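All chains are identified by letter, namely A, B, C and D, in their written order; residue positions are counted from 1 within each chain.
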Amino acid sequence: MTSVLSPALEMIGISKSFPGVRALEDVSFECRPGEVHAICGENGAGKSTLMKILGGIYRPDGGEIRIKGQPASFAHPVEARRAGIGIIHQELSLLPDRSVAENIVLGAEPTRRGVLDRTAMRAGAREILARLQSSIEVDARAGDLSLAEQQMVEIAKALASKPSILVMDEPTAALDDSEASRLLDLVRRLRRDSVAVVYVSHRMPEIAAISDRVTVLKDGRKVLTDRTEAMPTGRLVRCMVGRDLEEFFPPRGAADGGVLLQVNEGGNATISDINLTVRRGEVVGVAGLEGAGKSALARAIFGDRPFTRGTMQLNGQPFAPRSSRDGIRAGVGFLPDDRKREGLALGQSLRDNAALTLRAFARALALPSAGAMGNLTLDQRLRALDVRAARFDDPIRLLSGGNQQKVIIARWLARDPQLLIFAEPTRGIDVAAKAAIYAIIRDLANRGRGILMISSDLPEVVGVSDRVVVMHEGRIVGECPSGASEEDVMALAVGHGGSVAEPASACGS
Amino acid sequence: MTLALQPARRRHRAFSVPLLLFIGSAALYLCAALWTQSLNQLSAEGIVGLLQRTVALGTVALGQTLVILCASIDLSVGSMISVGAVLASFIMRGAPAMMVPAVLVVLLVAAGVGAINGLVIAKLKVSPLIATLGSGLILQGVLSSGFNNFAGSVPPAFQAVAYGAIGPLPWSVLGLGLLALGVSWLLRSTRFGAHLYAVGGNAAGARLAGIRTDRVIVQAHTLCSLFAGLTGLYLASRLRSGAPWVGRDGVYDLESIAVVVIGGTMLAGGRGGVWGTIAGVLLFAVIDASFNMLGVPAFPKQVIRGAIVIAAVAVYSLRNKGHVA
Amino acid sequence: MTIALPDTALHRRAGSLTRHINSGVVIFLVLFAAVALKQPSYIEPAGFMNFLRRAAPLGVLAAGQVFVLVSGGFDLSVGSLITLSVLGASMITGGDPSLTGAAIAALYGIGVAVGLINGIAVAFLKVPSIIATLGTLLSVNGVAMMWSGGSPRGYLPDNFRAFGRFVFRDVPLVGQLPLSVIVLAIVAVLAWWGLHGTVFGRRVFAVGDNPRAAELAGIRVDLTRISAFVISALSAVTAGIMLGGFGGVSTDVGQGLELQAIAACVIGGAQLMGGRGSITGVVFGALSLFALFTLLNLLGLPQALRDTAQGLILISAVASGAYRQRTGG
Amino acid sequence: MKRIVLRCSAAALAVGLATGAGAQEFNSQKDFDYAQELLKMTPQGPEGKPWEQNLGGKQIDTSKYKKPGPYNICFSNAGVDNPWRVVGWTDMQAQADMLKSDIKSFTAADAEGKDDKQISDINSFVSSGKCDALIVSPNTTAALTPAVEAACKKLPVLVFDRGVQTDCPVTFVNPIGGYGWGITTANFIVSKLPKGGKVLGLRILPGVDVLENRWAAADRIFKANNINVVGAEFTGGDNAKTKTIVEDYINRFGKIDAIWMDAGATAVAAVEAFEDAGQPYPIITGEDQEDFLTKWKKEKLTAFAPTYPTYQWRAPVIAAVKILKGEPVVGPTWKLPQPVVTQETLDQYVDPNMPPLHYAMCGCKDMPGYPQRWGGK
């Protein structure tokens, strides 16, 4: 309706199988020049696979890709790039030891007579960053940037090749509100420049705000494509999940136990002035932007990167863990945010992963399947958490994110810690598994454990927690009671909480 | 203001290891010479003699730097050096006319071996340690079954490579300097260099950025083997002939890896550079020369050298918070 | 992540079946069949026992090395440690059989020390193991030569040499049973127990697979790594005792054995950089390597081509392993 | 697929290279005859001091090197990577101590078996200006030649053990050498071997000229006498490998009557292979290493031990001092006698107090620190 132009991109009847699984089946969609086409679906619905096919990382088993009406096939990302496709990938792929400029032009370095043209390189990088209204210095080392800045560099990298088709895979995941809105402005400008934008996102408001059409995927198949106006959030979610969101968050408990954890004036190199209390039976959410110190807080309490200042009490006893082992021994558990890098031994079996902490504390020469580490007990525990796998002695890398996370939960439940710290418990996990994990968290609290939940997902923090502690620049800047709105939390997180008087706000700072 | 600080910090990071090694090596050499009153070792002739010790290991190590930067490794260089030395002297058989063909054949064979190494690693996904350990064994076996001693000889004209000099400066030392400059230029100023760091730093990311990572690995290995071939040519010239054990007896495979790592290039790839490697080679040469001056007996020397290898790497890896295996 | 096809379970089961058949066993059976075809005496009990006796030290060495490999490292120092064991035994006993016990105890003490040094250099000084153990390779060899002055003082007494030479005769079923084969069997069982039958073994796997995850789960990564190096060193001392027993005193017994041990492990399916490997696999890997050497001897090929064949078999073992892993085995 | 490509290219390379094998000649009739001649000669020189004796040598004038003492003598050593070199190196140090009044300093550089390093070692000795004379034990013959030539221009050079391809050194000290070894050992086996007996040759490694000459001479004699040599294998000087090879041969041929060795380091291992296989002892030629001599005496072997005497390490030190004093020395080649150990002389050399890897022909019994310095008790 808005456009009569022929599509810039068509993906027709795309299918892709991996050994033992069919990831995509007969998926088609098109994107016209100047159109923003959103792709939605739960994690595992096949969005990423579809984008990887478009980016030349995977080759489809069936179907066809057309660029401006011409059939195309990509054996390597470089071919997709040459065909005018730019991709902002979900996983950060920066080189930490190289400069921002080097990262931005990577793969398409400007040369003069075969020699790298560093002046042009920096000028080009600067220009792209300027278009993004970013003040990142092009000579900075990428590894020294904050996560949000790194995400900006990723975006700049995709724009560097001046793509006619731009794929954005969850581009705002690490950005704060103002950065995200700047990005959306940019998308609008690109749209005006007749770039075809394929926009993959979880964030419903963004999709509503920016996209022209929406395609919903579920279980590797296309559910529908429709104009965004015709897709209110409720309908969209129903299409994606097959049910309503309301039943998502478990009801809060009433338990008000004694104080479990008390942090007084805690601090280290990244965080300071931390005062925090967690009671038994309570889920305390920790909100804040990326880089606000949430993760550092979790690690400090756990003992992995300990506090160097201040004191802690656990169960009324002085608690000063110097290592994760100390933390565990005292009754704390920690589920790291980066599961692949910090949580899982990918090549080992589900059972081995589930028994990891038990084995860390068992006698070295005990049978690996002694007592609680026995297969029967482990399997029971895994089944209780509804872990789905063909076999429990398969390597855990074959599992979906949700199931992997459940295995890690099983690992901690075996120790039955008093305090369990969840960092981004549902990052990269599909909706159904999310609900299950929320239920587990609440159930643990109901059974008298204290829960600290670090999350960048605002609906999640607000929906699950009994109390939300908000961090900003390494400090706790405020606290919101149960039932606070996302806006209240966000206001604190971006640092406005104290100065802007908002009588309606439920939060204090 | 933090932004203004960053480039300075970067420079510090990139230059401290080589500089430290250079200073440490120079100090060790100076002390040894002064302690033993071998003042002649501080003369031009003495210093040139010291530099001459760096040529063979330095040349291999330059190639090794390239593969380690892209997170690979080459254990076949020792055998490749032997192949290069033997082929050169065997083809030349003392005839000046055969010099050019011999050099060409050696470089061609070296490039071929390197390309195969790279292909086995990149395409067959064989761990580089095993791939090059295997190819080294294959080369050594083939070579030793064909030759069992010094084969042929190089003509006097070719010996100029190792023994010729302009003024006090031997061609070979100059050559190593130029090679080092060349590799440094390659790393800093060409796409290949940028891509090499990218593949070593984050192979998946490099691929996503449209870099043909397989190609980069093959190119790096080809260059590495070429440098090993050059080392073979240099040794053939210096020893006047090539024998199938010159590479193995020189322990160039493990020593080249050791100097690269001592020079601050990470085994995991993506960080490091040429000057660290050169400084590492210099350290090894200084150890040899100083121990000679000090008259350290052979056996204790081995013990001390092993300890220095560990200590040199430990000095800056200690700060590393992550896990190392 | 994705939908499972109906035939998933079946597919996986077939996959895991091939996964559970160890490459080392397969390669060994093929090579040994070739050996037996060429020289049938090798499948007779006496011939087979003789074969095992010679392969035993390498098997012992590989069974120790695999702990370090699975934990994600390398141990290049074992060759030197073997030399040190043999020279040390000569220096301590000086040919006196009554000192054999003391010598063996001292050697294991030395082994523990070397393993500790390796492990501490890697775990605390953060020196990559390939460099750290290269350093100890040089130093340990230097120490061995310094101690003996290059000229070890005494003969190895007969009771020491029994570990490499003694053969039980008239054993039912097998006819003769070399003591070194019994040692290999004991070491293999101990190593199997250590790696597959204890909590410690599982920790080694976890550390090799993902040290950070292991640490956050409460595993003492440093201690686990150090223990792996100590185990490898102890197996090297054992192999040294067997080799000294088999061949007597010499100053270069251990040379090159470190790479053979790693090769044996790799042929047996152990993965460099950690997380995968099995004792059965590496012991058969060691036997495969020896079967290969035997075969080449029998074929009368030049000794030099032995290296070539070893190189080819290494690359193809790993390439086929990588291929199987990629195709979802 | 890749593997096939790889294998093919390797094979092609092998074929290409194999055609060029044997480029260096180790089997010279002239040298063989010369060795025969030397073996028949009576050594000249002080009685009971074979390291100062010579076979048919001429004294040369060295007055041009004369300078006031005491002297700084430098030594570039190929390496101390085997017991023979260790014993020799101990001899040499002891000899330097014996001449303390004439030698101010004796500095050694160890090349660890690397030609490249030895060239640099020699160069830095020359450039240090701190050496009055330079002794070189070359790692390999051809490779060290240029470095030695350059050194000759600056100071008197003495070479021993392996030679160099130049006449510039004042003298080159060495025993009769490989051919002599091969001749005496092969003759012994020929004289003892029953008719049709099988001989196994065990060699350390290919390509070392001394070792190649030993085999060439022996092989010549075996061929001339129609001896059945069932194989010649390289042991790498490794006991375990030696034993394995011998066991394999015993398995394959049922019985081996004689073992010929180009070096005795693994002789005991070879003998043990027969013990372990339950076979009678073979006729065997080893070397003057104590473990072999002890075994020989204990088991009453039919054996023979040629020597490549370690006392040759003494001669260059003595000669260096003489040269610097301007006294005549034997040159430009100085052939030392090369005694053998036979059943008759065995008892002279077996010494249970010396370590197993000691070489009996060290000529060191009169030296300071004997026997502790050599590891004896």
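FYI, a residue touches a chain if its C-beta (ideal position, glycine included) is under 8 Å from a C-beta of that chain, and two chains touch if they have at least 3 such contacts.
Predicted, not measured: the structure shown is a model, and the values here were computed from it.
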If you take the chains that touch subunit B and keep only those that also touch subunit C, what is left?
A, D
With contacts counted as defined, which of the two, B-D or C-D, has more C-beta pairs across the interface?
B-D
Inter-centroid spacing, subunit D versus subunit C (mean Cα positions, whole Å):
35
Inter-centroid spacing, subunit B versus subunit A (mean Cα positions, whole Å):
43
Centroid of subunit A to centroid of subunit D, CA atoms only: how many Å?
72
If I count partner chains per residue in subunit B, which residues reach a count of at least 2?
120, 124, 135, 138-139, 142-145, 298-299, 301
Which subunit C residues reach two or more other chains?
145, 149-150, 212, 215, 271, 303, 308, 312, 315, 319
Could you please write down every pair of chains that are in touch?
A-B, A-C, B-C, B-D, C-D
Where on subunit C is subunit A touching in the complex?
1-5, 7-9, 11-12, 15-16, 196-203, 205-206, 209-210, 212-220, 271, 275-276, 327-328
Per the touch rule, the subunit D residues reaching subunit C in their complex are 2-3, 6-7, 10, 14, 80-83, 85-87, 89-90, 233-234, 237-240, 242-245, 247-248, 251-252, 265-266, 268-269, 272, 276, 291, 294, 355-358, 374-375, 377
What residues of subunit D sit close enough to touch subunit B in their complex?
2, 5-6, 9-10, 13-14, 16-21, 23-24, 26, 77, 79-80, 107-110, 112-117, 119-121, 123-124, 127-130, 140, 142-143, 145-146, 206-209, 212
Residue positions on subunit B within touch of subunit D in the complex are 38, 40-41, 43, 45-46, 49-50, 52-53, 56, 86-87, 90, 93, 109, 112, 116, 119-120, 123-124, 135, 138-139, 142-153, 159, 163, 235, 238-241, 243-246, 249-250, 288-289, 292-293, 295, 297-299, 301
Subunit B-touching residues of subunit C, taken from the complex the two chains share
71-73, 76, 121-122, 125-132, 134-143, 145-146, 149-150, 208, 211-212, 215, 221, 225, 259, 262-263, 266, 271-274, 302-312, 314-315, 318-319, 322-323, 326
